[in-house]
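My structure is below; once you've seen it, I'll send some questions.
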Amino acid sequence: MSCRQFVKGNEAVAMAAIEAGVRCYFGYPITPQSDIPEYLARELPGTGGTFIQAESEIAAINMVLGASATGVRAMTSSSGPGISLKQEGISYMAGSELPGVIVDIMRQGPGLGGIDASQADYWQATRGGGHGGYRIIVLAPGSVQEMYDLTMLAFDLSDLYRIPAMVLADSVLGQMKESITPNPRPGCTLPSKEWAVRGWADGTEQNVVKSLKLGDGEMEKFHWEMHARYQLLADKESRWEEFRTDDARLIVTAFGSTARISRTAVEMAREAGMQVGLLRPITLFPFPKQAYVDLSRRCKLFLDIELSTGQMIDDVRLSVERDTEVAFYGRPPGAGSLPTPEEIFEQIRKVYP
Amino acid sequence: MSCRQFVKGNEAVAMAAIEAGVRCYFGYPITPQSDIPEYLARELPGTGGTFIQAESEIAAINMVLGASATGVRAMTSSSGPGISLKQEGISYMAGSELPGVIVDIMRQGPGLGGIDASQADYWQATRGGGHGGYRIIVLAPGSVQEMYDLTMLAFDLSDLYRIPAMVLADSVLGQMKESITPNPRPGCTLPSKEWAVRGWADGTEQNVVKSLKLGDGEMEKFHWEMHARYQLLADKESRWEEFRTDDARLIVTAFGSTARISRTAVEMAREAGMQVGLLRPITLFPFPKQAYVDLSRRCKLFLDIELSTGQMIDDVRLSVERDTEVAFYGRPPGAGSLPTPEEIFEQIRKVYP
Amino acid sequence: MRHDVFIAGYGGQGVLLAGNLLSYAAIFEGRNVSFFPSYGVEKRGGAAMCTVIIADGETGSPVVGHPSVAIILNQLSFDKYAGKVKPGGFCIVNSSLVEAGESALPGVTLIRIPMNQIAVELGDARMVNMVACGAYVAASGALALPSLCEALKKSLPERNHKFIPANIKAIEAGAERVREHLAG
Amino acid sequence: MRHDVFIAGYGGQGVLLAGNLLSYAAIFEGRNVSFFPSYGVEKRGGAAMCTVIIADGETGSPVVGHPSVAIILNQLSFDKYAGKVKPGGFCIVNSSLVEAGESALPGVTLIRIPMNQIAVELGDARMVNMVACGAYVAASGALALPSLCEALKKSLPERNHKFIPANIKAIEAGAERVREHLAG
Amino acid sequence: MTQVFGRSLSLKDVQTHFCPGCHHGSIHRLVADALDEFAIREQTIGCASVGCSVFLYSYFNIDVVESPHGRAPAVATGVKRARPDRIVFTYQGDGDLAAIGTSEIIHAANRGEDITVIFVNNTTYGMTGGQMAPTTLPGQKTSTSPYGRDIKNDGAPFKMAELLSSLDGVAFSARVAVNSPKNVLSAKKLIKTAFRYQVEGRGFSFIEALAACPTNWGMKPLAANERVGSEMVPYFPLGVYKNTDNL
Amino acid sequence: MTQVFGRSLSLKDVQTHFCPGCHHGSIHRLVADALDEFAIREQTIGCASVGCSVFLYSYFNIDVVESPHGRAPAVATGVKRARPDRIVFTYQGDGDLAAIGTSEIIHAANRGEDITVIFVNNTTYGMTGGQMAPTTLPGQKTSTSPYGRDIKNDGAPFKMAELLSSLDGVAFSARVAVNSPKNVLSAKKLIKTAFRYQVEGRGFSFIEALAACPTNWGMKPLAANERVGSEMVPYFPLGVYKNTDNL
Amino acid sequence: MPKIEIDELRCKGCGLCTIACPGKLVTMSDTPNSQGYTVARFTGAGKCTGCALCAEMCPDVAITVFKEQKS
Amino acid sequence: MPKIEIDELRCKGCGLCTIACPGKLVTMSDTPNSQGYTVARFTGAGKCTGCALCAEMCPDVAITVFKEQKS
């Protein structure tokens, strides 16, 4: 127990980043994620890393682009409005095949909205809120421990596939405190960054990091290569959690904080003798389609629950077997209001076959 | 014929905006849409309107927000990178229920990409590239005449529903010249803008245009109200074009320039004696689901064609009857390369039952 | 065994510190904890509230609809949260600032403690939250008093460790009052 | 009846003006037209190319895979576009700048016109595009020469209207050359 | 007995959410006074920014547009160009105006937009909990400069009143404080002057108001008020940096 | 016979896409000379911006990162902070640096990032076809100021070399031109000085180079070159605006 | 006699008025109001000149000042 | 004798070199190169001082300058 630490989800993200060897953090304050820059402002310099509070989210993502182009691990974090401002930069990183980690601690929108939890940035994160057609890796933690573990994973996947990676959580996960085990960085072999700009003194050929593609067929080739890489991601990196799905006649599906709340509701349903299970996607991109295919072979009724009027529901419907019904409970949260297990249990009762 | 004019698609957009009574244009140059600001810089001041070349796309969209908040018709236009930068502002407009027209003449991406046509901003436009969960009205012209007509419509729908409206075209439609009839602004009755900020001298109560929602239940209410408004849009404003679908055994579906090219391919197929039709969505949001439902009752094979590796395909799959097959031909275009009718005819041949 | 509690008051009453204190005490006892704060606009502002869940197994949902116990430090919080306590539960209110009629909460044991008064008597009005924690421990039996005293080290910044003895007094005073209350 | 033509050269050869000229001539004749230009990086740059479609009915796809006619003003364009002309079609090349062997285009009639030379003879090297347009009209019969002359008014900015007579000469010279070519 | 001092008409009779000793309250009051002075309340449209002053509409009896963080000058440009007959002002914090909003303020000022900008410099990000601002003083500890602002890493604090004065479009620029009755009175005068410029259509007018943020400075209100004079004024000298009265 | 003038090592032996008489070519050459002078070609990382100079990597024998429009100073900050041992420069046009990139250049300069910025001021947006730039001269006609730049509507042209000099973080700032052999030679000297500052770790160095854009000015190369001296230099005086050599 | 009135409900107890009054006629009480702020109190009946400096200084516009009109 | 060489393929015919040469030894030809640019030509054999001002001025680095080394 000694090495366990009682920390906020946001702090867990920052701790994991340092353990993952992040060299540069560039960010701009915004609630409910400011604990991340605040933690790193304190701790990163001590590890020889760079912390800069950028003049804006746009400057921050472009500093990440520059640092990442040299081959070091770099990250930024923000929430709704700030993430929107980063879309051009993220699109450039994707177009330049640059790794880099972006943390989005979701708050309410649209616009200034409010600082309480929301899951309405699902589409922005998984479809590419930026221009030009690209995807980024999106990981959705469901506990403070996962805030730590998935931040670590985000760096590795991003380096491995040369695709920006996003940790997508919300103010519940960012602000809640739990005891975690700060696991050491896993030994994982990554390709060396041949492509990085270093100055030729490092004996490399000229390296150019760019997204402009004017050569004959260059752009088509890029898009189909990325398409294949996304497929590879789906095959090798899809992650999800199942809870009591084996004999389930109804499968609740939700991600992040909502999944955490739903799990308790599922337990209530089980106590009430209902055969209900939970399917929690951990990777939102790649979306764990296969899990839905397999489960929908056995169970023909799903209940999708989101802190929005419905976004992930598209991916669920596109994933399950055609003869599967997908019910939906949307709960765009308001100031100080979140769905309770009781509330979700009520919904389970309503749709339970 | 006398009143017909031979103009670029971009010019048609600008002409329609003036006819629609736009009072303010704020924009920043970017190929392939710069003809729009260039035309308006010449012509708008003469009508007593304001043209400002903003310091950035971000400033431009926020100037639109401010002008629109006073109740006048305001617009901006851009392409990929610039549209990404506008996402925060668009999210604020959506959250503040402000009308306003945004024109996106799509170019290639991600990143700097290239200036040739693309349709890879479909998701960004229809899913809300910005944060917080909102939709905007998205109109997709298929000819220079429609560049004119749908720009006009965009202003009316935006005012009517208090939702920002986007005209989504690409460099083919923006740059090509055709003869159009610059129809006069249709007499359409719109609610007066009670909500606009004017200064109380106008005898109004205090008006506040904002997106921050902290009241108990205020945010939930907003999201469900908008949800209902989107449903109303779908019911009343869905627009599409069908070409030879009546006896079709294969229905090609595509929007914008791709639909225009595909139509010629469909004619080639008909000449070759194949029963092929075309379904062209004109409104991308609301997506004309009903048209797909109805046609997929009769025809069980669709071929979706996009200048991307596949985005609208999600909406097509989510719309057709479950037992309908949806084939896909993705064609992320490259520098100077576009699909030809011959090429698409080839694809029709491949999948034709 | 699973315990959940709401702690609510206005900013400055040390609501979050109280939540942290209970959390660290539970951790000291080797239990699992999740602590979930919530506050007003952007970062600052009037009301402060947090939920603490203590469990031997998984803590489950950080969001609780009906806690078994609520610690209420001011009137606003009482009006907002007291009603949520689940039947059979406790509601510990700071009677120095809260008007609460017995009848208000059918099926819920109302424990009135003049926390400001006690704190002031002990010489520091800011110890209201400590009194409250003592009261909670005595009323719920969820934690042992000594664990609470241990937890002070972790939940207070170094520079405030000098106040630990005073805080312990406040905690004990709170606990004592509850015992009396339950006794008679 | 539907006519489509590629016009290609380098920036400065007036490719787009030529396209506009043909378009306006067709409009003058009451036909439908679509004119589709394409150029290099962002806005400026070396190669210039455009497609003009003239039809009595719908013009259909602005993108054409295999045009019935191509007007080629320089070598690069020849190498890139000449091969696309559909069998039975024409390829009108500016032989002043283009090396083109008959054999190059099986099934396509190659019409070689020394456009630079003709233009220079007529006193202005910049009229290459006019010579090309004349040649096209004569070769394709898609439009009547007078319409072209009419169209000059619309396609040239006011300040250049003084050049219209010279341009008409260039157009006629281009047409004349084609007649000779086709004759013998 | 007659009332010789009370609440201005333009100010709603409600309690603010500002912390005890927060100077936003004083600055709000002085702006309201100016609107009353020129009787322009009913012609005025305010552009709220994102910061502790986001609730402008709750405290002012005027129409208000909310602007995205940093963009108030662009929003105000849109408002003013659409309604040139209206008085338009922005009210922005230092994070809002001098960090994320740098480009918008500089270009609105350079265009000489006929608006008034009230810039509240409290050397920190108040609403988000006290992070470093572009105006945070050298060595000042904040939650994102835990070891004190380091000029080498973070650069020197921006002096916006001076910086903007160098732009042709700026007609009036001054820096005020509200940490003493004397300063309050001259602040009142200069804020009125700023609005007078707009009433007279003289172009862009700018007020930088030094303010205390007791909460995020971790100080009691009186100590925070004290700091304004002892630490801020020496670095950010008060006074008029530009005026075009005698042009 | 020995060669006394030729192509610098840092410059690739290829033809540029620049229009005839475009000064980008000359400025590229002078930057390359500076890299040769200090033998830092193999330690240098260039940050290309979006504009006619976007192909930096095609012409320079160095590693290059492409930056989004206007963001090169932020990208360069990331590069330099990650590789402080490298020489980092940005090359930006006036639309890129003084319009959309205003915030990034001002904050990078204020932080005193140890980078060199080459700012090419040709009073227009070249790559997009000649729209109005923040540096377009009063009355100058462009495709988005068809009636000539109107100070009242568009504001006055920005003088970046002067504006940036006022920031503490800036160690060196100068304005040069390449419209005559004499000016080319002094430009060469000052560009070398700018890089010398970085080699010596002296902080942010800035060069504003006045340039001709014959294509979008609608002028023949010689006339455009002439205009630089006759119209631009009077408004944008050449010279050193800040240097910290004798500090 | 000029006098001031301090609105108990608006006062946040910041104390700025106390340093503003030349006569030190405004002091802090130790009784908290409903929001827990210990409010300021006017202790200068008779000595107040009605200069209104305390009111000018109050960030919460909690002070109103009264005076006889010269006639 | 100092001399310059003008690379026909690099010259874009802008003419800037012609105003740079103090001796007016560089002039424009009217023969277009493969790209249609009418290139500059060196007409000063014998008179060139090797000052290299034309080369300094050339935006396209099309001019190389040669000189005897003093020994």
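Order of writing sets the chain letters: A, B, C, D, E, F, G and H. Residues in each chain are counted from 1.
The working rule: a contact is a pair of C-beta atoms (placed from the backbone, for glycine too) under 8 Å apart; a residue touches a chain by one contact, two chains touch by 3 or more.
The structure displayed is predicted, hence computed values, not measured ones.
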Least step count from chain B to chain F, where 1 means the two chains touch
1
Hey, which chain ends up farthest from chain F, C-alpha centres compared?
C
Indicate the whole-number Å distance between the mean C-alpha point of chain B and the mean C-alpha point of chain H.
54
Whole-Å distance, chain G centre to chain H centre, using C-alpha means?
85
Centroid of chain C to centroid of chain D, CA atoms only: how many Å?
86
Centroid from C-alpha atoms only, then distance chain E to chain F, rounded to Å. What do you get?
35
Touching two or more other chains, which residues of chain G qualify?
none
Give me the residues of chain B that touch two or more other chains.
31, 34, 52, 55-56, 58, 81, 88, 92, 96, 111-112, 114, 210-212, 214, 336
Chain C: positions in contact with at least two other chains:
41-43
Touching chain E in the complex, chain G uses residues 2-3, 9-10, 12-16, 19-20, 37, 50, 52-53, 55-61, 63-69
Under the touch definition given earlier, write down the residues of chain A that touch chain F in their complex.
23-24, 26, 50, 52, 54-56, 58-60, 62-72, 74, 88-89, 92, 96, 197-201, 204, 206-212
Per the touch rule above, chain G residues touching chain C in the complex are 35-36
Taking the complex as given, what residues does chain B use to touch chain F?
28-31, 34, 37-38, 41-42, 45, 51-53, 55-57, 81, 111-112
Inside the complex, what are the residues of chain F that reach chain H?
1-7, 11, 15-16, 18-26, 29, 178, 180-181, 184-185, 188, 214, 221-222, 225
